[in-house]
């Protein structure tokens, strides 16, 4: 890319500190006038070596570390990690704990989508939209806060259960927040589908076809926007997802507009899931009875073995590969983040687009650089 | 021409009045910024500044003091002469517009005395010409700061301005034809019974959009576009140099709103019975005029916070493919009216 | 990594060599004069009420940083607004782990900001390394390089904590005890 | 085609190259593979068995056995089976063929494995460090014998 810079071309380094993405990230773009000729992504600005740290922490300590892989969806990270350990150690999670996990993860999915969508709207110049979504998100955050005691990094799941039961009045709180949120989401959809400037900026921009998306390994909303109904919650159900009624939201266009639309639909679907869970949730213990697992887990030694466990993150497929050697610390943990392939796909997607669409396309992927760097 | 009181020819009086005018326009810009911050907060379900003074009205004073006392950084590879000189060009072009724009009028005994620094026969052309100079100021700022974001912003600015000056000019021509004069005071006076917005609504529409693009308000702020180009053309400027660019933008906003009122919304014209009284004649026309200016400003600010941003190629498309034919249509309509002798 | 020398803008030593009959002046003469007067108080009033901060979300705290500037928490009430260009900003918020790769960039952002400027170390990672204190990739003790005025502990601290940090910074500026300017 | 049939098809196609193949559950299969034919197997997996989705690729260091395992976790969009392929390399000079021509997104995974473990990928289009600064190359921080890990520079170590 640097070898041949033509007479009317210049290289612009977007980042590492740039409002384009929440997190340091650098895009070196070669421009001819306003058009991107070539581009390249540089990563690693916040590489903190989580995989190495996890090898040196006990299993229980690891929960707090995996929270910080991707700060927008901490609960699903925990779910993937805890799920790995539970599979290896053969721990059964009681049903009530499973329901609580599903509720919290879906709430966390909604808040992540709200933030991603609002941020995306601000990238096309719609700053007010960002304010609206953040405002709705704050209500949701306080609901999550009332259960987990934290806003971003929860450390809520434990092996075999969850840290705490749902507080009193949780159902009413959720109902109240969802009432407002439903209206808000309908408003967003109306805004997005009627605003002609917004449509001119998004329809037909950054189009991925289903074949290309599969080929480059994208997952989550960018893939579902191309019409592929790939969702770990359906394809490889974990927790109680197989008992719940929900559909995988897809669009066919595969462009920026479709991705945002998928997120809007998914938020509605998540709300539906949470409401079902609140109706169906059985009473009972939140930790397996008759075992040592409880609020304070003992020092665990997990039988040697290897396991790959994956869950559906707000951004796509989140997988953990864990190798255990029988000691109280994992031998090796590999984190497979959903954004990794998505961010890789940026340079080919950005070829030939104007500068203004760089942020539109990069923003619509809803990337989280922290998770790519780890 | 109307008679002007002798005392106004005294250079000292003129100087003091001029200074008052400058102060007033700076105050106006500050009020506009405050207005915008409060209004945008309202639209975005926030409070906006409310700690410094009642409802945060002194917020801009604090900002100005801070900007004045910031370190003045000239980047190492910047073109130093241009870097220092460019904000002055920008500010100058905006202030030169002040020379010709009337800020209202005083009606005494049925005679109208516009409050304006000069009385030119071609003032509307002059305003057009001078306001186009600001693009050179912006380009000098961007070029001298040796920053690629700035340069991209400046190129976008050029592309946009070239596109929008044409429909803007055609709309002004159609107004001038209807009024039969190139003098902005005469144009305002010509709307005495009927505002031009009623005679040529299409012209108003095109003029309003083109003016917003000219001022770089949000659907058209590609030269600044925060999320792509950090702060666009003004990225490298610090302290008061940044403040100058910022103020120039808002003074431009005020003057643009005044132009809209003067050309299409009837200026200061009131029914004769309201201005027959001496006191009312001094106060009312100017108040009426400034009130309309405030409403136009409100509209422009509200549009800014309610829409996303165009891409630069869409902006240029809009100007050449939509607004230019529409403005020509409007010109034809005006000529038809003139031929029919309406 | 280049070590950073402490920069002194205090030119008092230059002033002591007096030539008889000649009044010497230095570049800091105006600011020296201002210090003796009430003007500095007015300037500080302006500075404290208009703290613009850079948006560099570097970690978990970055999300809280974004939320703080937006609706609901709305720092605009205090005249505190986010700016994307470091040239327009007054406050650098180190919001997360500083890695060896990112450190030069952060240093550069700091150098690009015009004086007077302040630093807020937001979150445990910026203060002491947080959960990543032993990592091979992060750079510890960033407060040895940046003159940090306010430390906000928490992992991540809540938005209210950041607002209070700004409030404490305002108090420090009024009391002339901050590290950002030379009094 | 269920997991058992897949592993049979794979073993019969590549006799001697695939070994230790086992079915862990309905949706997980594991196999070891000779490093020199990783690319061919991936090609076969993608085209014949519709394993089109490379979940991840990484290294695991075993200093006692003097081996580095390169693990490929390959999933699919059509069926829920996930295959774990392992190629075992010598620790002193780990070299393996790149699978970028087959799986496009292996690019970054291989760059990361290279800088963290020192696994050399032959025919990789662009083998540069991804997340580490250039001067940390050669330290291979995720190997078990990496010296710099508990970083002692933090002032207030607990």
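By written order: A, B, C and D. Residues from 1 in each chain.
The rule is short, and it goes like this: a residue touches a chain if its C-beta (ideal position, glycine included) is under 8 Å from a C-beta of that chain, and two chains touch if they have at least 3 such contacts.
What you see is a predicted model, and the numbers here were worked out from it, not measured in a lab.
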Please identify the chain lying most centrally, where each chain is represented by the average of its Cα atoms. A
Distance between chain centroids, defined by C-alpha means - chain C, chain D (Å): 45
Can you compute the centre-to-centre distance for chain A and chain D, using the mean CA position of each chain? Integer Å is fine. 24
Determine the centre-to-centre distance between chain B and chain D, using the mean Cα coordinates as centres, and give it in whole Å. 63
Please list all residues of chain C that touch 2 or more other chains. 71-72, 84, 101, 134-138
In chain A, the residues touching two or more other chains are 18-19, 44, 47, 49, 52, 56, 131-132, 135
Using the touch rule from the top of the page, what residues of chain B touch 2 or more other chains? 44-46, 226-227, 230
State which pairs of chains touch, listing all of them. A-B, A-C, A-D, B-C, C-D
Could you pull out which chain C residues touch chain D in their complex? 100-101, 128-129, 133-141
Can you name the residues of chain B that touch chain C in the complex? 37, 41, 44-52, 56, 59, 61-73, 226-227, 230-231, 235-239, 242
Of all residues in chain C, which touch chain B in the complex? 42-43, 45-50, 71-72, 74, 76-79, 83-85, 87-88, 90, 112, 114-116
Give every residue of chain D touching chain C within the complex, in rising order. 131-133, 136, 139, 141, 146, 148-157
The answer for chain A against chain C in the complex is residues 16-19, 22-24, 44-50, 52-53, 56, 64-65, 68, 71-72, 115, 119, 130-132, 134-135, 137-138, 151-153, 370
